[in-house]
Amino acid sequence: MTGGRPMAEMTYRDALNQAMVEEMGRDDSVFLIGEEVAEYDGAYKVSRGMLDQFGARRVVDSPISELGVAGLGVGAAMVGLRPIVEFMTFNFSILALDQVINSAAKLYQMSHGQINVPIVFRGPTGAALQLGAQHSQACETYYVHAPGVKLATPATPADAKGLLKAAIRDDDPVAIMEGELLYNIKGEVPDDDDFIVPLGVADVKRAGDDVSIITHGKMVHVALQAAAQLAKDGVSAEVLDLRSLRPLDVDAILATVSKTNRVVYLEEGWPYAGIGAQIVAMIQEEAFDHLDAPILRVTQADVNMPYNKRLEQLVKPNAAKVVQACRKVLY
Amino acid sequence: MSEVDTVDRDRPATQELHGFSRERLHELMRAMLLYRRFEEKIEEAYAIGKIGGFCHVHIGQEATAAGTILPLRREDYVISAYRAHTQAIAKGVEPRAVMAELYGKATGCSGGLGGSMHLFNKAVGFMGGHGIVGAQAALAVGIAFGIKYRDEDSVVVCFLGDAAVNQGAFHEAMNMAAIWNLPVIYAVENNGYGMGTEFTRVSTTEMARKSASHGVPATVVNGQDVLETYRTFDELVERTRTGGGPQFVDVRTYRFRGHSMSDPVSGTYRSKQEVERKVDCEDPITLFRDQLFEADLMSQDELEALDAEVMVEVDAVEAFAESSPEPEESAIYDFVYSQQNEHGRLFMDGHDRGQANG
Amino acid sequence: MTGGRPMAEMTYRDALNQAMVEEMGRDDSVFLIGEEVAEYDGAYKVSRGMLDQFGARRVVDSPISELGVAGLGVGAAMVGLRPIVEFMTFNFSILALDQVINSAAKLYQMSHGQINVPIVFRGPTGAALQLGAQHSQACETYYVHAPGVKLATPATPADAKGLLKAAIRDDDPVAIMEGELLYNIKGEVPDDDDFIVPLGVADVKRAGDDVSIITHGKMVHVALQAAAQLAKDGVSAEVLDLRSLRPLDVDAILATVSKTNRVVYLEEGWPYAGIGAQIVAMIQEEAFDHLDAPILRVTQADVNMPYNKRLEQLVKPNAAKVVQACRKVLY
Amino acid sequence: MSEVDTVDRDRPATQELHGFSRERLHELMRAMLLYRRFEEKIEEAYAIGKIGGFCHVHIGQEATAAGTILPLRREDYVISAYRAHTQAIAKGVEPRAVMAELYGKATGCSGGLGGSMHLFNKAVGFMGGHGIVGAQAALAVGIAFGIKYRDEDSVVVCFLGDAAVNQGAFHEAMNMAAIWNLPVIYAVENNGYGMGTEFTRVSTTEMARKSASHGVPATVVNGQDVLETYRTFDELVERTRTGGGPQFVDVRTYRFRGHSMSDPVSGTYRSKQEVERKVDCEDPITLFRDQLFEADLMSQDELEALDAEVMVEVDAVEAFAESSPEPEESAIYDFVYSQQNEHGRLFMDGHDRGQANG
């Protein structure tokens, strides 16, 4: 991926920050808006220092009006700006979904291509720790079901930077779903203003032969843990990080399936009409004869997230559950 | 209008009314006649199945389009809801492109993809055509944000129905317009009803109070009086253009037809008598005609000539729509994403299967 | 299903009306609220006559405030009323989704069972004719993804009445998704105040041996057309109408799969994370060895709905596409 | 309070202040001390990891809970946001059930499933504990609708933060409350900030104008003065209870702590000096103490005794929470649906696979 380039170690948070800073540096039409993004440096400090660097014209604290702010972003994009709308978390973006689905996703079509909407919606998705039912939702399905929006879910600092930069440069609406529990993780990030990770390219985060764990976002780390555990027992698991959920790298999916013939889909969200459901349906359609076992899905339990710590852990997907599912598809 | 001069038949023809030249007044009359004839043609075409879907006309509300939009510059923006034919034309969208859109043709202003509810022409600043009640209020504030961000001196006029002020999106948007002092004018086309619901049933306050929570100044204007509406907007637009911030205008009007093509003109929610009284006494075209006749600024013959002219134009428009080609099938997939990414599959129905690394 | 009971022929519209009238007759805590439901008799005339019969206390015209009205309904349900919230169409309910997902679906859990929410959300979903992108969306996925809400999609007048009555009597939030193009269809409906169709019971709308067309809602009629066409060529297709998407009659699904071993899922909505994706994922997991061919899905094209009549027809699923998919799974 | 009597030390102890009996005044003081000590205990417990998640305390805002809720009846309802510990206690939820909830225990008022942000006790009319800013405004109007529907004479008090008035849900709800004249009182706990955002940065109007669009009467009250708040609410509640319709109240207060446990008390958005000044001059407990001392309605000894009493209570509460059992694992699935349908599968993760006809 990064062959020979100079690298810098940084957190996922800082990688996102750098992506925004660089893109705002190269293009005046890019601006950031959201609750607490300016004076407070972002609820999760992702936009630290940006107000100082770019001023209140381009780093804008909004009222708590998710629907209105999303609409404002889309309107600004209609006249050629490139807004980055930060949702404090995607849980709150359900309030804004009308502007995402009915405006951002549809304007290019309704206007017959006169108006494109180069907007980025970003923020953390999914559960953190003990935040309870309303603050612990993985929102991917709400953003992929209707066509017209693209979606990426970076798992590492390098992907965070590269995908966010790709999203900002993309001419269509792109959602970037991050993770509260990812912001502090560290990794090597190419030290290059033009480093991008193109949308639509999956990444084999660990190569293996016996079983494929396909996943996205925060769960990549759980998959890697599971793969490490399996390795101890001599099972070689491949971990494919989709990175981008639309566009979707189906070639990479089919490649890992035809390599291992056994698949587990791991996701943070609920099962019903989840991302995994779609991937399973596609694989069985396009690689039916390559499957030696049914594909299993490891997801959040199909319940609302409890506050209690122990129950929360039981509800969330984890490496043990992934290992178990892998063993099952391996018989 | 009580202030008009008593006309002396022997005087040479008057040259002005409230600062509008004779020529400008004729243009205004022509515009309103065009809107009326144009939408009557739509009604005919809808009746015989040339136009489909939901279709909402402005008949009775012509002065609101003319009086609010004609004062604008080309670089200004208009954004509206699903009742927008005459507004689109007023902002400069070609009538034939609007009609062709309703016919679902490739030559339509949205290529036949949008239909009556989704008219667009970015080049002349007509930003749609939106079907979700109230949503355009938030888009408008974004356009205004863009204007200010770039330090331009355009303004946005955002139309809303009276029923849209009960949407949260409207209030969120108006508050942001206020705190950032953005150049947007919210014009409520207050025709008294949202479908079958009279405004007084869904609000305890006057329309003009709806911006009070947000500190946006409100103005009430008789939207059946094209000159009053025009002068008011001329002034408000100037104020907003020069940094005066957002405005809220209650443009009082009345819908002469049903809510949409499938809705009867009168029925459970308003009486035949109410509608007849309004049609008889508050037709904006008749009112304007009377003003012009009284001020000796237009003759019956001139009016008839104008009307004949727009009828010819509307026939041509209809012929254009009728004879235009249907959109290509490729339009189905060509206008979902403006950027087909180099990698990965965008369409999960197999459309781009096998392309790129899909 | 209806064995020997007296039947009346009526439209789907009238069946819904009857369901509400009967339930409001037997339980004063049931009321109807929505845009135009009272004085206007409903935008699609489903509530015709109800204002006269029950008065303005129980048949309530609301402002156009989808989020607020949904929240009002949930609040009323929190104190024991049984609101029926009519969305003029489910397209507009995206504005209300926060109250559906974050309040209705979660209150029972967050309150540890102190507060249940016996609310019904109903109205048409999916496309009608030439209404364009914003008015032609099948919204099922948005209502099933998060746990806590039940969902049924009646296809016939009898199911409309029986499922709506079941929904009104259910102690949890239930969405009933109807169809603008279904309101006028006629059918036999049991003439019985206590007729209900329980949630969670699928219905074989046509029996067959060679291939199973599983579907729900409006598409049941398309499936039946397709089955009739296939029959002419000697192919015997079974049409399974799920009727209820949550709870889901998995037994019935597995039964038809093990009978025909070949499956097509037909739905009106988009493919990505659609209902079909879920059903396919479940079938391949639970009946892997019963499948003789990959399951194919027939869905709306993965695009925004165009206004143009001909293009709209191309985008929508239809009998010809279903026949083609059936032939494909039959090789 | 400027109106207090000058106290003559030799007079027999005063028996009343503004119509509050000595006993009632002591109760009020005890309540506020309890809130303060209770939340100080929460801070300790959070610091050592006994409590998790987001946790928002009311320290500095005690008078708003006491003054607004203690005038209510048991049959009245309170609904709030995520900052609600003291409000729950004021409405009658047992302190130990609140603390146990924060500890995630089975004995918590939400069985350990809700946590700090989702406190519930339907039996005493405490209807949550809601985490989506503004959402409770719409739920409140529904509860009020239910009261009116059943012709009961309860009222609902709905708490909102100052930042919540910019949510569309608030405006939609307030409008419905107005048109149906519903018994709901919107009480803004106006602590001047939504997280790090000062109210004046997200509104151009005073808080009291926020209901103006909807015609709901507004009142401003000093929420640091428990008696003023109490009397105001007593009166407003009575008015609303007797059919007077909705009310909107700007309860002016100040948050002495950070927004949540992870937020510093002062920092980029407000200065240390600002906070110190407020803590020194506007602590509602200190202000109330001074009033009582001046009116000779409480002695230092009495105050200390009360405080010692609540400290003992809080220790017991904490011990209860600490020693309570964790919820059963079955709670995970038992509280998603209240009605497990006879047919079909409700859970798509395999939980009820093989049961019924799942």
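For clarity, chains are labelled A, B, C and D in written order, and residue numbers in each chain start from 1.
Going forward, a residue touches a chain if its C-beta (ideal position, glycine included) is under 8 Å from a C-beta of that chain, and two chains touch if they have at least 3 such contacts.
The structure displayed is predicted, hence computed values, not measured ones.
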item: Pair with more cross-chain C-beta pairs in contact, given A-B and B-C; value: A-B
item: Relative to chain C, chain with the most remote C-alpha centre; value: D
item: Separation of mean Cα positions, chain B and chain A [Å, integer]; value: 40
item: Separation of mean Cα positions, chain C and chain B [Å, integer]; value: 36
item: Centroid distance [mean C-alpha coordinates] between chain C and chain A, Å; value: 31
item: Between chain D and chain B, distance of the C-alpha-averaged centres to the nearest whole Å; value: 47
item: Two or more partner chains touched - positions in chain D; value: 110, 112-114, 118, 130-132, 166-169, 172, 175, 179, 201-203, 331, 335-336, 347-348
item: Residues within chain C bordering two or more other chains; value: 62-63, 65, 67-68, 91, 95, 98, 102, 109-110, 132-134, 147-148, 246, 270-272, 278, 286, 302-304, 306
item: Chain B - residues contacting chain D, complex; value: 166-172, 175, 178-179, 201-205, 209-215
item: Residue ranges of chain B touching chain A (in the complex, touch as defined); value: 77, 108-114, 118, 120-123, 127-132, 135, 137-147, 149, 168-169, 172-173, 175-176, 179, 331, 334-339, 341-348, 353, 356-358
item: Complex contact set, residues of chain D against chain A; value: 52-54, 104-105, 110, 112-115, 117-118, 130-134, 163-164, 166-169, 194-197, 201-203, 268-269, 326-327, 329, 331-333, 335-336, 347-349, 351
item: Touching residues (chain side chain C, partner chain D) in the complex; value: 31, 57, 62-63, 65, 67-81, 83, 98-99, 102-103, 107-116, 147-148, 150, 170-172, 198-201, 244, 246-252, 278, 282, 286
item: Of chain C, residues touching chain B in the complex; value: 35-36, 39-41, 43, 61-65, 67-68, 91-92, 95, 129-135, 270-272, 299-304, 306-311, 314-315
